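The letters A, B, C, D, E, F and G name the chains in turn, as written, and every chain counts its residues from 1.
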């Protein structure tokens, strides 16, 4: 998957696929293809999200070390 | 015709107006002898003024005659000032007297009044042209007679009050014809010499004639021209000379003039002390004010607690960082939730089930095909068996069970006529239960089907 | 008998013969011929049917051997 | 059978054959042909499905291995 | 970050970013960029504040030495 | 600070600064600058006042020798 | 202070100065200047008052001769 694609674009794509998969009359092979594509996209999204989550958390940790705020709040 | 007649009242009023409009009649100076004097018990005076040839009725109302310092009586020569008008009720013109003095001094009074009026008109009495009296004079010039109570009173008063001042007495005549010249000379001399900062012009009490020098025009003008302030102390309290009007300050008596000319040393010392005290007091107060002001400023909250300025910013920053982190986390969490939801939805798609469904479908088809085919097969089979059964039932071989047989030649052709055969031919004889191979030995022809022999011909093998 | 002939054609022929045989006034010799023909045809049909049966069996065997699905289902 | 044919097409074809075999008057040879064709197609479908199933299983396995979500759910 | 920027300007910038982040529909990558920028700005502000605080403290000390006000208050 | 400036001018300046400091929304850097300036000005004023006081006291002493006033007042 | 100045002038000046000092809003330096001036003036006045000489009353007679007036006469 190209790095240029945004998370939200990919999420839209994924949602699209999920909707297609949820239709009752989808041909089996198409379903499998969509499923495969969906798995692929969800992996990409997951990695992306994990990366972001790690970043946010690490920045917050780092920040908390320097600017201690109320622990309950953060 | 009657319209041309006036009423007496109208005529009288007309005449009265004429009197009142005549300037010569509104201010009249008159020298005459009093007769028929009557002082009414309500205060008004009624009398006749006369000379050798004429007389005029006169009235002096209460308000005017109260100022008189003598009692008028019949035969008295007087000088009066008044206004001529008409007493309408009697149709009588009369003099309404405003002022009255006994004749003799009368001429002087007229001169006094006329000079006073002139000088006043010129503005010599105006307060604005009066010089301020020096509060703390250094040199005082006293213009008065060398001897007499006046000079003594003045000098002693000055020395008692303010001994630090220089006093010079300029001797002068204060009465008689030459007095006015000496007074004028002295005043001019002092001005020329600039030998004083205050002049006291003084004289003790006396009659109007004795004080007359101070009513002279030249004296008045010299006083007015003086560049040194002049205090007059002439006569008694009731005496008002022209000099008094022109001078820069009028004192009722010579002693009073001395008091007005100098301050009291005791008072001055006290005043100086007070001022000096105020000086200290005020400066200290100003210093206190400034100190207080400075203290107020330096103890202002923002100035005293400068950290407060930062504390607010600190809190602001903390709040902002909180919001930043919350918002960022929320963003991540929301994306995660949206994502997880999608993932869950994908996972609920049961592909295995789909496969199973398809498998079931395939299997159904397969079964249907088999069943349908079997039915087809069975149909064909039945059809076949039906025919087969029928065929078996209809088999001609059953006829042969009754003893019939069928002959077939060597070509397997059914032999239906003897003519098909010659002796020696082989025949297959089919019986119910088998075939017999035979050879024809002889042929015997018969007629038709009836079975009669045909000509009895017989062929033999 | 030509191979091109269909089972149904042959059956029709057979039926025809049976009908003819059912007529009472048919000469014996003809009846025998028909009968003989009928026997012939019926033999053909029988073979045909047997052949079909064999083929079906072999197909089923083949099918079962290569794609073993749930035994109960097939 | 050409690989390009989709599973669903083949399923349709199969159904078609079932319908044809249901008709009463189908000649034996045709029936046999249909039967043969049907068996063939159903085999193809079986194989195809098997292939798809394998793929699905591997996809699910793959998904489960890389994106471990709640175990009970997957 | 340029030294010329004032604390309040940077705080405004930070607030701006926070407001953007508080909007629900922001794309993930943008959110991350905003967050990173926000952290950067908040660090800058923090340092600025510390710097200013030090300065104020030194001013107060200096002031107290020369113009003694109430000791408890300052 | 230039000697030419009058005490009252400097006080006005100081007052101005205090007013500005009392406004809640003053930018941080400005606040600190104002504070610094204020400290400077208040020192100057204080010294000025002390200087004047000394001068006055010496004048009063001098004065008292010649014109004794009430001692309590000075 | 110039000798020519009259006691009167100086007292007025002093009074003037006191009035000016009484104004609350007078600048500090001016106040000090006024004070200094005032002290000077009051000293001058004081000296003037203390310096009471026996003044001789003189007489300018008819002949314009200046003669001391006899004490007995006064």
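Definition applied: a residue touches a chain if its C-beta (ideal position, glycine included) is under 8 Å from a C-beta of that chain, and two chains touch if they have at least 3 such contacts.
Values in this document were obtained by computation on a predicted structure and should not be read as measured data.
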| item | value |
| --- | --- |
| If a chain touches subunit B and subunit D alike, it appears here | A, C |
| Interface ranked first by C-beta contact pairs | B-G |
| Of all other chains, the one whose Cα centre sits farthest from subunit G | C |
| Interface sides of subunit C and subunit D: same vs different residues, half threshold | different |
| Separation of subunit B from subunit G, taking each centre as the mean of its C-alpha atoms, in whole Å | 52 |
| Gap in Å, rounded to a whole number, between the CA centres of subunit F and subunit A | 67 |
| Rounded Å distance, subunit B centre to subunit C centre (Cα mean) | 122 |
| Centre-to-centre distance between subunit F and subunit E (centres being mean Cα positions), rounded to whole Å | 34 |
| Residue list for subunit G, restricted to those that touch at least two other chains | 28, 32, 35, 39, 42, 46 |
| Sites on subunit B at which at least two other chains make contact | 276, 280, 283, 287, 290, 298, 306, 309-310, 313, 317, 321, 328, 332, 335, 343, 351, 355, 358-359, 366, 370, 373, 377, 380 |
| Pairs of chains found to touch, sorted by chain label | A-B, A-D, A-E, B-C, B-D, B-E, B-F, B-G, C-D, E-F, F-G |
| Complex interface listing, subunit E residues touching subunit A | 27-29, 31-32, 35-36, 39, 42-43, 46 |
| Subunit B partner contacts - residues on subunit E that touch it in the complex | 7, 11, 14-15, 17-18, 21-22, 24, 26, 28, 31, 34-35, 38-39, 42, 45-46, 49, 52-53, 56-57, 59-60, 67, 69, 73-74 |
| Subunit B residues touching subunit D - in the complex, by the definition given at the top | 340, 343-344, 347, 351-352, 355, 358-359, 361-362, 365-366, 368-370, 372-373, 376-377, 379-380 |
| Touching residues on subunit F, where the partner in the complex is subunit G | 6-8, 48-49, 52, 55-56, 59, 62-63, 66-67 |
| Complex contacts: residues of subunit B adjacent to subunit G | 134-138, 146-147, 151-152, 155-156, 159, 163-171, 186, 189, 197, 265, 268-269, 271-272, 275-276, 278-280, 282-283, 286-287, 289-290 |
